[in-house]
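This report concerns only the one structure given below.
Chain nomenclature is as follows: A, B, C and D, assigned in order of appearance, with residue numbering initiated at 1 for each chain independently.
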Amino acid sequence: MKVSIIGTTGFGGVELLRILHQHPTFQIQSIHSTKDEIPIWEEYPHLYRLLDKKLEPINSEQIADQSEIVFLATPSGISGQLASEFVDKDIKVIDLSGDLRLPSSDYKAWYKHEPVHESLLSKAVYGLSEWNMELIKNSNFIANPGCYPTASLLSLAPVVKEDLIDPASIVIDAKSGVSGAGKSLSRNTSMSEANENLRVYKVNQHQHTPEIEQQLLQWNNSIQPVTFTTHLLPITRGIMTTAYVQLKNEMRTTQLLELYSEIYHQHPFIRIRPENTFPSIKEVAGSNYCDIGLHADNRTGRLTIVSVIDNLMKGAAGQAVQNANLMSGFDVMTGLDFVPMYP
Amino acid sequence: MKVSIIGTTGFGGVELLRILHQHPTFQIQSIHSTKDEIPIWEEYPHLYRLLDKKLEPINSEQIADQSEIVFLATPSGISGQLASEFVDKDIKVIDLSGDLRLPSSDYKAWYKHEPVHESLLSKAVYGLSEWNMELIKNSNFIANPGCYPTASLLSLAPVVKEDLIDPASIVIDAKSGVSGAGKSLSRNTSMSEANENLRVYKVNQHQHTPEIEQQLLQWNNSIQPVTFTTHLLPITRGIMTTAYVQLKNEMRTTQLLELYSEIYHQHPFIRIRPENTFPSIKEVAGSNYCDIGLHADNRTGRLTIVSVIDNLMKGAAGQAVQNANLMSGFDVMTGLDFVPMYP
Amino acid sequence: MKVSIIGTTGFGGVELLRILHQHPTFQIQSIHSTKDEIPIWEEYPHLYRLLDKKLEPINSEQIADQSEIVFLATPSGISGQLASEFVDKDIKVIDLSGDLRLPSSDYKAWYKHEPVHESLLSKAVYGLSEWNMELIKNSNFIANPGCYPTASLLSLAPVVKEDLIDPASIVIDAKSGVSGAGKSLSRNTSMSEANENLRVYKVNQHQHTPEIEQQLLQWNNSIQPVTFTTHLLPITRGIMTTAYVQLKNEMRTTQLLELYSEIYHQHPFIRIRPENTFPSIKEVAGSNYCDIGLHADNRTGRLTIVSVIDNLMKGAAGQAVQNANLMSGFDVMTGLDFVPMYP
Amino acid sequence: MKVSIIGTTGFGGVELLRILHQHPTFQIQSIHSTKDEIPIWEEYPHLYRLLDKKLEPINSEQIADQSEIVFLATPSGISGQLASEFVDKDIKVIDLSGDLRLPSSDYKAWYKHEPVHESLLSKAVYGLSEWNMELIKNSNFIANPGCYPTASLLSLAPVVKEDLIDPASIVIDAKSGVSGAGKSLSRNTSMSEANENLRVYKVNQHQHTPEIEQQLLQWNNSIQPVTFTTHLLPITRGIMTTAYVQLKNEMRTTQLLELYSEIYHQHPFIRIRPENTFPSIKEVAGSNYCDIGLHADNRTGRLTIVSVIDNLMKGAAGQAVQNANLMSGFDVMTGLDFVPMYP
């Protein structure tokens, strides 16, 4: 199957190249960018002699003619228009930006951009692969989830769906590597200032907050607004979310681990860790896994859930290919069986 | 004034050397360790030609004869015995270990060591400098606070003392650099495994939990057990605590910042950041500052308080010297006016 | 083909697992270690639910019965004995340690261990894949090269073989990430001391020096002793060697690049970078590539050659599998087409 | 003595603030920048409540009226004009840029900027503190050395001056942290791309090359062009230079160490390490020390000299203040007795 990438030179785009280059059935047809028409390895020398494709301008018609799937790895604010051209022609589209994930009013309030047209928005399926599998399989237009929401939602889903927690008690303390901020330069992600540092940012104002809340509400309509805090880690890749919730009734850690294991049993990318162990960020580096560990504290009645992903993989390009697999009727693992790179 | 250090070769001990070498009134009389009697610069070459002292064995009698203040930077489990010899002779003692901070029952439960004798324990004053100033001034035996409790307590004190929060709502998500684990070697703090990583550890089991709760209860006896989680950051120095509490009544961020500013007004090491700004770990590196930023979220009624310290300074050696200054009648800033090293 | 790994819990061993788990023809038969018989994921949680094998004791007879290839990823000093048992039974053996790479006298002088028996030593082929290809194909016993020698030799081979340089002028300034020191704990590779640091070590005494010189001499018997310096970088993976040689006659950079490109033309893992560009360590991370850039300076008549590899891949496990491919008659790229993980 | 800083918001400028804030005799009179007139702590929050000064525009006349010493921490290309206004009024000027260090022809060739006027250039004294002490004491206009030249020259001076080496044999392999590139944003110094990486840059083209050669030639006019290579380390602060030179006659390491120790005996910032030990970058972090270790290899007749500095201290602001001390008749250590921050 021929696939094209638009917005290839961002970190999401280049991670798509890493995956798709090794994918057994998807074949990279063309790569696009608003940059100069240079070979991709001039921009990313690690691809030298490995991928000879040139960056091409974004000619939608031509892309539509040649591709069965289009990945949009463009920045927030522009994929809306691009998507509609392909969706109208019934070409599969997976959008990695945040533009198709929220109702217009939420989008305006949190992103401070103009939202896309309602008619387009209504066609997009939220691509949280493990939870929207059937919808994804039958859709040809996916709003690929944000990195933080992916880690947060996968860790909270079982207790929220099973209505086991105080719906007003959710606190998510999230930490991300700098690649989550993308390739554009900023003082906060410069080495001199990010290194040997930890920075909290967008406190109570991160645009992923409504994305998390919206999905939680679909699972359990009693859920109240969540506290969601983001920190910038001095690493390149990886997200950890540490979620705190108040249990409605006392539960033992083992009970909860059994519940999680059962729920995620058929999902190979979700690994529920054994009791008394917790995942570290590096243990999923370069892979599409989401690892989850948890502990219920009988002193406080509170449950702590720790979830880690590679933000460029399960948090972006990896989940995008997972969705493309689903849309194409492939096994979900196809081309995604990367062993985490450790150490 | 002549001071001695016991346990000089740990990270707390060597940071004491960095401070005391430049202190205008304290003079390093002798340095002690159970290691070989080598010049300290053989163990720490950064002190070459700067500090020529040799490590000496721990001869308590001799130390007592020659010193007015003794810093105990020894590991947990051994300072109890050492301290009593000096306390009995009315020599000022500042103990950086955790041995003198908790009631025996709590100590046994969380440290899994034998606690020190009650008679000694009862003499120690908890050295949270800003809050126990009068007791510290009149004491000659200080239990220097732990690194995590220092950051946590300084950030929570105002709202706890003023009874502004739901007493069962405290969640502290704490992150520390690897130097907090000390100089002893472990797989988790080896570069290959700590680097490009974030690791959660001792979930709901960290021995600093009762130290935090005990002080909170002294301030407000309605406080319930707290959730306290610790993460290992891929940096050497620094702690950030992100605390989440439910406000009893709606309050604006500005009101709370005014409260904090007023309470800490006369304490030069506590810097309350202006509205909409938050401290980063590196902004206190190498200094004795504790910087605090906060935000009250009207969506959730929850208050987020971010606090940063250098764990070896305000979290250990810096606060120890601050306490020594107080015990000696000096200005609290004496010898501690380090500008943070940035970038 | 069934393969076994002895010494699985070191970094070389676990990297072999990462490669072999995805290899299309090699199948991991058994994994061995002197550690407890636990599932490998208890030691390396990143392999949880991915690799269920248990560590087994080192029962040579059983391993010989079940395996067609044995990888020895054991520490220096013990693989000699292990190897002979398999070699005698005509099972393919690839030894990643330094025990089979040097004549006994050099081994004694630089490693300070007892060398292996001459009869075994004489059977081992030095596994520098690109240069000993025919010998490797026809051998069943490979001494896999050291990480530093691999990067150094690949970068020097063309000018040494073509006799283009002053044979007494070779200086190699090498830099390695901490994983090169293996998994055993040491103060120099602890995070607190390795981080934000650069450390030079074993100046003029590194045991890889004679390994480099021996191969250079085979290529050109006029070569004089080289200066070889090693530095410990504050990163996990990767080696860069910056080599300095005096050109016999003035040459232009383009001429030399043409020579290198021609020589390495048929070797997919060696990427000669275009003029005025040089490889960075991260551009080969997680892959088996060795990237080389060079510049001839007409001010000094000196040539600077920069070479980078991932020390655990091309510098250890990757080259080992490359050699196993050669020994098995497979294409050299089989199971090794990892795209570098960037960023 | 009243001092002013122009170009305060760069890393050199802010390091001057760190030093001068604690300096016993220099007093910061005013700080200047082309940025908005905001309090410095808005740009650098680590200075909050510590330094209340506002950034002021660069009004040369006013600065001249109020200051006895002016530090120019401005980028390359603009300090020439600024300097002349102060020099003409006989105000002490220390220029941290590269504009006053080279003859016009070299400056043009390597910096690709227009050089400053000859009349100004001729007044500047090269401020390599340990070697130009008398000239510096009697000058009021200092061209403060570059970071790489400082480390390189201090390590080579003894053998070059004593004519112990082959004058055509000098190779300097230099490694620097990212703060050396300054505060301006670039892809190479962004965290995602600098982290877990090592990058070689400006091979045989670094503008510090002629600065090094010019001083070496003043010491020994037989010196030939040097090979000078620079690498970008994934750390914030620190430089290591590893220099390789061919000894004219065989010498033992001890002899050379004695020579170095004798030559630098009266210079407190130069620490010659004992035999078989070498300095690491972190062992001088935050301090003004330059630590040197060396080894003569009798296999090759080559001498390896390792030198480390903190590039923002001895490589910039520290040496600038050292020069200001000299110009003011103070002890060279005044306000510069920082203990390295370790770990």
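Rule of thumb we're sticking to: a contact is a pair of C-beta atoms (placed from the backbone, for glycine too) under 8 Å apart; a residue touches a chain by one contact, two chains touch by 3 or more.
All values derive from a computational prediction rather than experimental measurement.
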{"item": "Identity of the chain that, by mean CA position, is farthest from chain C", "value": "B"}
{"item": "Pair joined by the larger number of C-beta contacts - B-C, A-B", "value": "A-B"}
{"item": "Between chain B and chain A, distance of the C-alpha-averaged centres to the nearest whole Å", "value": "38"}
{"item": "Rounded Å distance, chain A centre to chain C centre (Cα mean)", "value": "36"}
{"item": "Distance from chain C to chain B - Cα centre to Cα centre, in angstrom", "value": "45"}
{"item": "For chain C, residues contacting two or more additional chains", "value": "11, 179, 192, 195-196, 234-237, 280, 282, 285, 343"}
{"item": "Complex contacts: residues of chain D adjacent to chain C", "value": "168, 171, 173, 175, 177, 192-193, 195-201, 203-204, 224-227, 229, 231, 233-238, 240, 242, 244, 278, 280-282, 285, 293, 295, 297, 299-300, 302, 304, 306, 308, 343"}
{"item": "Sites on chain D touched by chain B in the complex", "value": "11, 14, 17-18, 21-22, 44-50, 179, 195-196, 236-237, 268, 271, 273, 277, 279-280, 282-287, 291, 337-343"}
{"item": "Touch list for chain D against partner chain A, complex", "value": "11, 178-179, 183, 185-187, 189-192, 194-196, 234-236"}
